[in-house]
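Here chain A shows up in two complexes: once beside chain B, once beside chain C.
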Partner chain A sequence: MNFSLTVLIWIVVYPIIAFSIGVLLGGYGRKFTARVQRRIGPPWIQPFFDVVKLMSKSTNISHGYMHDAAMMMLIGGTVMTLYFVPVPGFAYFSQFGDFLVIAYLILVPSLGMALGVGETANPNGSIGISRALQMMVGYEMPFVLTFIGMAMLNGTTSMYELILRQQAGGIATWGIVTNPLLGIAALISLQGMMNEKPFEVIVAPHEIATGPMTEMGGKYLGMMFIQHLIAIVVEMTIYINLFLGGARNWLELIVKLFAVWTLILSVHGVYGRFRTDDAIRFLWRVPLPLAAVGVFGIMLGIG
Partner chain B sequence: MEQRMTQRSAWDAVLARLRKRSLFMLHYCTGCGAIELPPTMTSRFDMERLGIMPMVTPRQADILLITGYLSVKTLKRVVLIYEQMQAPKYVVGFGSCTINGGMYWNSYATMKSLDQYVPVELYLAGCMPRPEAIITGFSELIDRIGRGEANSWKDYYENYEFYKKNQLHLFGEIETYQDIPADAQKFGITGVRA
Partner chain C sequence: MVTLYLLILPLAGLLLTTLVAIAGGAGGDGNGAGAPGAARALVLNKAVALLGFGAITALAILARGEIGAIVEGPVVLGFSLSFGLTPLSWYFVMMIAGLTFLTVVFSLASVRGGYPMYYGWLFAKTFGMFGVVMAGDLLSFFILWEVMSWATFFLMQQGTQEARRAAVGYLVYALVASMALFAGVFLLYRAAGSFAYADIAGAIAGFNIGMLLLAVALTIVPMLVEAATYPAHWWKPPSYAATETALTGYLSGISTRIGIYGMVLFIFVVFGLETIDRLWISTYLNLRVIIMVLAALTMVVPTFTALFQHDAKRLMTWHSIGQGGYMLVGIASGSVLGVAGGLFHVFTYLTYVALILFSIAAVESRTGTTNLNKLGGLIKKMPLSFLGLLFGIIGLAGIPPMNGFVSKWLIYRSLILGGHPFIALAAFTATVGTILSVYKLIHNIFLGQLPERYKDVREVGPVMQIPIVILMITVFATGAFPGLVLPWVARIQESLGLTPIAWSLTGVAPEMGQLNMAVISAVFTGTFLLGWLIYAIGGKRKHVGQYDNYAAGHFLDASVPYNYNYEFYSGIEHIFGRLYERPPIKRAEAGLVELLKRAGDFTRRIYTGHLNTYLAYTVVAVLLTIVILKGGL
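Let's look at the complex of A and B:
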C-alpha cells in the first residue's frame, strides 16, 4: 500500500462520509427513542438541520483563545482517530498505527473539551468535564483489557490484521463468537464510551445543564454536534472491527453499525441515569471482571 | 411582486428553509403555565416532530418561551437571559399575562406588557393556552422563519433606547454585561447608544 492519489482523496472524503453516516445514525437514534416513548419523532436527517442551524447563527460568543483552539482539538482529534480505524477501501494509516495509537488518540477530544470548557469558567461545565474524565477511567479499563485479550489470542495488535483473520475464517472466528465474555464486556463499556443511558452522566440536562455544552452556543455547539456524530461512527466501527469481523464493503459496515446502534439504543431508551460513582462502580464490577476472566481464559488456552 | 433573485438572497432563502426545521427552546416558567409544556413535548402532542427541542441554557437556545406573569424581579432575569442568547433569537410570550398583565393587572409587583422590555416575536393568547395552541403558534413561527419575516430580534438593536428606557424606568438600574452597540455593529446597525 503506497501513498497515492486515492489515499489523498480518501483523506478528504472519509470524514464527510463518516459525518453523513453519523447524521443518519443520529437521526435514527432520535426516531428510535421517540418510538420507544410512543412519539412520532423528528425526521431522520434532523441532526443535519441542527448542525446547519447552529453553524448559521449570526453571533458566536468566544471566551478566549483556548476556547477556539479546543474546538479544533475536538474535531481534529476525532478525525485523526477516524483515519487510523480501518474501513473497507481505506486502511492506509492502520499500517502505521495499531490499536494502541487509537487508544491514545481517542482521548484527545475529551482533553480538548476539558481545556476549552475550563476557559468558559462555568461551574456546570467544570462538573461535566470532571465527570467525563472520571467516566474515562471507568470505561477505558475494560475496553483496553478486551483488546489485550484479542491481541493475545491473535498475536497481533494491528486492527487490520485482526479484521483479515476474522474475515478469512468466517463467522465462527468473529471475536464475539470465539470470546463472548470479551465481546459483552466491550459492548457494555462501549455504552459508557458513547455516553448513552444509563451512563449518560456527562451531558445530564436536568442536573448540570448539559455539562460541557453549557456555555457553547452557535458555531461552538455546532462543532460539538459534528464531533459527536463522527464519534459515534468511530467508536462503533472500532467495536465492529474487533468483534464483528469488520466489513468487506460499505453496505455491510452500515448494516452492522445500525445493528450495534439499535442494541445500544434499546438500552438507552428504557433506562434512567446512573450517578457518576454508581456508573463507575458498575463499569468496574461487571465488564471489568468479565474482561479479566476472558483474558485469563485466553492465557490458559480455554477461550 | 417580480423580484430579481440575487445569489445572496437565494442562499438566504435556502438557509431559512433549513433553519426553520430546527429550533431549540428555552422555557422560562417562573409564572404559571409550565404544566401545559409536558404534554406538548411528550407523546400526546410531540413537539420534536416539528424539530423543536427543549434546551437548558440561553447560549444554545433559539426560542425563549416566557410562560405567564413576570414579576419585576424575574423580568430582570429575563432581560439578562435574552441578551445572552445568540442571534437570531425569538421571544414567544405565552398566556395573556405577558400580553397585558392578565388577571394580575392590578398587581404592583408584575409587569404589564412584555414587548416593552424585550422584542416579542409571537404571542400565544389565552389563560392558559392549551398544547394545541402552542403547537399552532410554533407552526406560525416556523412559517415566518421560513419566509424570512421573523426579524423582531433586530428591533432590540434598532430601538435599543426605547427598551433601555423602559427597563431603567422599571428597575432603576440594570447592568447586563453585554455590549449591545458592539453586537449591533455585527448586523450593520449603527448609531446605537448604550
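Let's look at the complex of A and C:
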C-alpha cells in the first residue's frame, strides 16, 4: 500500500472517528453500569459534554513543563497506537510496524502519564502510577503470551496478516475458535489492561483520591478523558484483531466493539476492587496458566 | 600498522600516567589529597588521558582499513602472539574507544576523589580489552584476558572504601574463571598442536562427546562468568555499585560485554555452531537451549531484583546484569535476527547505560548522594540531566523511538518465530520489570517533591553536559535510523559464516519483518503535535509551586514530608519479598563460603608456629623426596 490522498484523509479523519466511537462506547458504558445498579444514568453523549466542559475551563493548574508535555505525549501516544492497529479500509501503517511495535507503542501514553503525574508532586498520584505499573506486570504477561501463541501458530508477527488468516475461513478460523484457551486468557487480561473492575486499582477514588488524576483539572483532565475514550477503542480493536477475526467493514467492527465492551462491563458492574497484589496474583494464577497451556498445545501441534 | 599502535598507545599512556602519578606522589602523602604536587600531577594526567584517548579513538576509526591484516607480536614461551582485526573485533574496538573517550571527558569534571591512578587504570583496561578483542590466537586471548581482569580489579577500586572490599569479590570470580579458561585453552592446544583459531576448529571435529563437553565447559563458562550470567552474577552488584559513578557506566557498558565477545568467538569461530549442536540430549534440550534458559533467568531475576534497590547505582547494576541476558539469548539462538539483535544490543545498551549513569553522576556531583529515598523533584533544577536520564530510560525500557527498541524487537521476533515462546515471554516480562524500575529511578530522583536542602542546586557544567548530549543524540539517531549500525552487524554475521540480516537505513528489509523506525519517529512527532494542538485549544495554563497541592485539607509547606518514594512497588514487594530477603543462590553461595572457611581453618592448623613442628615437616619432606627419587628403599 503506497502513500496516497486516501491515506492522508484517513490520517486526519481516523482519530476523529475513533474519538466519536469512544464517546458512544463511554456513554453506553455509563448507562449500562447505571442500569445494572438500578440507576437511570446520564445521557449517551455525556462523555462528549464532559470533554467540552473541561476543555473550556478558564483555570488550568500546571506543575511544570513535564506536566504539560505529558498531556501531549498521552494523546500523541494513543493516536500513534491507533494508526498502527489495522482497521477496515486503513492498514497503511501496518507495513511499518508489526504487533511487537504496537505492544510497545501502547506503553508510550502510560509513560507520558507517569512522568506528568510524577511532576505534580502528589503522593496520591505517585501511588496511582505505582499501581498502574504493577498492574502492567500482571496483565502484560498473559496478554503477550497469547499473542506469542497466535504468532507462532500463524508464523507471522504482523497483525494485518493475522487478520487476513482469520478471515480466510469465516468464524471457524477466528482465533477464539481455533485457540479458545488463548482467547479467554487474553479477554481476562484485557479487563486488567482496560483498568475495569475488579482490576480498577489505579483510580480507586476512595483510597487515593483518584490517583493519577488527583492534580489534574481543566484541560488537563479533559485531555485525559479524550485519551481514555480513544484508548478503549484501541485496546478492544487489538483484541478483536487478534481473536475475533478483525472486521471486514466498519459496521462489523462497531458491533464487535460493543459486544466485547458489554462483556467487560457486565463483569465491571458487579465486582468490587482487588487489592493490587491480589489483582496481580489473580492475573498470574488464572489467565497466565491458561495461556501457557494453550501455547504448549500449539508447540505440540494440537492447536 | 595502525593495529599495532592501538595496543602500544594505551601501554604508553599507562606508563606515562604512572610516572606522573609517582612523581606527584613523591611530593605529597601519596593519596593525592592536600598535596600540591599530587594535584598538579592529576591535572597533567587529565591532559594525558584526554589527548591519549582522543588519539586512540581516531586510530580506532582509521583501523577500519586494516581489517583482515595480522600483526605478529612478541614471542612468549616459544609462541609468537598475533593480533589482528576482524569485523567483529573492530565493532568492539570502536565501542571501547568511543565509550572510554566519553568517560574520560565526563570524569574530568565529575571525579572529585583525586585518585592518582584513575586514568592510568583506564589506559590499562583499554589495553587489556583491545588485546582480547584483537587477539589472533587463543594464547594471546588468554594472556590479554588476564591483563584485562587485573586492570578491572584495580580500576574498580576507584571509589568508596566499600569499592576496595568488593573488588576482591570480583577478583575471586575472575581468577576462578581464568583458571578454567587456562585449562580450556591448553586442552585445546594439546589437541590441535597450535593456538590458531582455525587449527583448533579443525581438531575439535575429531573430539568425542566427553572431550567436547569438557572443552566447551572450560571455555564457555568463564565467558558466562565475565558476562555476569545467572547464577554467576553475584560479584557484580557490590563491586559496580561502590565504584566511581562514571566508572559504573563504563564498566557496565563495555567491560562485562567482553564476555559476550568471548561467547561469540567460542560459539561461532572456535567451535562452530555444528560442533556446539552435537551436545544435545533431546531436540528440546541441547547446549544452546540451556544457555538460552540461563539467559532467560538472567533477564528476569536481576531485573526484578532491581525493583527493590534504594540506590540508583545499585539499581542500574542489576539492570546491567539483566540486559546481558538479552544479548546472550540472541546470540545463543543462532538465528539471523537473533544474532543481529544480540550484537546490536551490545551497542544500544552501551549508549543508553552510559547516558543513564552519566546523568546519575551529574546528580551525584551536585547533591552528593545516589540514595533514591533522599532525592526528589530535581527536574526544575537540572533539566538537562533529566532529559538525559529520560532518553536513557526510554532506551533501556525498549520503548520506541529509541534505539533499545530496535535491538529488542529483533530478539523478540527471532524468539517467537524460532519456536521459543516461553523464553520470549521471559524477555517481555523482563522488559515490563525494567519499565517499573526505571520509572522508580526517574521518579525518585527528578519527580515528586523537591527536598528543601536541594533548593539551591544548579545544573552541571558544560564538560559533563557534552557527553550527555552526545549520547542523547546517539540514542535517538540510531533509534530512528538503525541502518547506521546494522550494516556493520550484517558484515559481522557474514564474517562468522552466518546469514546476514537484510537491513535498510530505517530498520529491516521487508523480508525480515515490518519495522520502519523513521516512520515510527515521524508519526511520534506528528501525533505529539496533535496533542499540542488539543492542548493549545484549551485555556491558558498557570504554573504553581509544589506546595500548592491537594492534601485532603491539610496545609503543605517545607516541614511536611509529602512524597511517595519508599517501597515504591509495595504490591510486588509483598509478593516477592521473601525471595528477595533470602535468594536461593545467595544461600548456596553462603554454604560454599562456609565450606571454604572450614577447609581453610583445617589447613591453618599445619602452621602451628613452633619451630620443631616445621623441622619435623622438613625432615619428612626430605625423606619423602629421597624415597621418590630413589624409587623405593
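One rule holds in what follows: the second predicted complex is superposed on the first by the 303 of 303 C-alpha atoms of A that agree within 3 Å, B and C clash if a C-alpha of one lies under 4 Å from a C-alpha of the other, contacts with A are read in each partner's own complex, and residues count from 1 in each chain.
One rule holds in what follows: a contact is a pair of C-beta atoms (placed from the backbone, for glycine too) under 8 Å apart; a residue touches a chain by one contact, two chains touch by 3 or more.
If you're wondering where the values come from, they're calculated on a predicted model, not measured in any experiment.
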Would chain B and chain C fit next to each other on chain A once aligned, or clash? fit
Among the partners chain B and chain C, which is in contact with a greater number of residues of chain A? C
In the superposed arrangement, does A:276 touch chain B (first), chain C (second), both or neither? second
May I ask for the angle at the C-alpha centre of chain A between those of chain B and chain C, rounded to a multiple of 10 degrees? 110
Considering only touches as defined above, state whether A:218 meets chain B (first), chain C (second), both or neither. both
Could you tell me if A:107 is touching chain B, chain C, both of them or neither one (first, second, both, neither)? second
Of the partners chain B and chain C, which touch A:228 in the superposed model: first, second, both, neither? neither
Partner chain in contact with A:80 - chain B first, chain C second, else both or neither: second
For A:268, decide between first (touching chain B), second (touching chain C), both and neither. neither
Scan A:131 for contacts with chain B and chain C and give back first, second, both or neither. second
In the overlaid three-chain picture, which partner chain does A:197 touch, first (chain B) or second (chain C), both, or neither? neither
Per the contact definition in the header, classify A:40: touching chain B only (first), chain C only (second), both, or neither. first
To be precise, I mean the smallest distance between any C-alpha of chain B and any C-alpha of chain C in the superposed model; what is it in Å? 5
Touching both chain B and chain C, residues of chain A: 56-61, 209, 214-215, 218
In the complex formed with chain A, which residues of chain B make contact? 15, 18-19, 21-23, 42-43, 46, 48-49, 51, 55-60, 62, 85-88, 183, 186-187
What part of chain A is in contact with chain C in the complex they form? 15, 55-64, 66, 68, 71-77, 79-80, 83-84, 93-98, 100-101, 104-105, 107-108, 111, 114-115, 118-124, 126-127, 129-131, 133-134, 136-137, 140-141, 144-145, 148-149, 151-152, 155, 157-158, 209, 214-215, 218-219, 222-223, 226, 275-277, 280-281, 292, 295, 298-299
What part of chain C is in contact with chain A in the complex they form? 377, 379-380, 386, 390, 394, 397-400, 405, 409, 412-413, 416-417, 419, 421-422, 424-425, 428-429, 432-433, 435-436, 439, 442-443, 446-450, 507, 510, 513-516, 519-520, 523-524, 527-532, 534-535, 537-544, 546, 548-550, 552, 562-565, 568-572, 574-575
Mind listing the chain A positions that touch chain B in their complex? 30, 34, 37-43, 46, 49-50, 52-53, 56-61, 205-206, 209-210, 213-218, 221
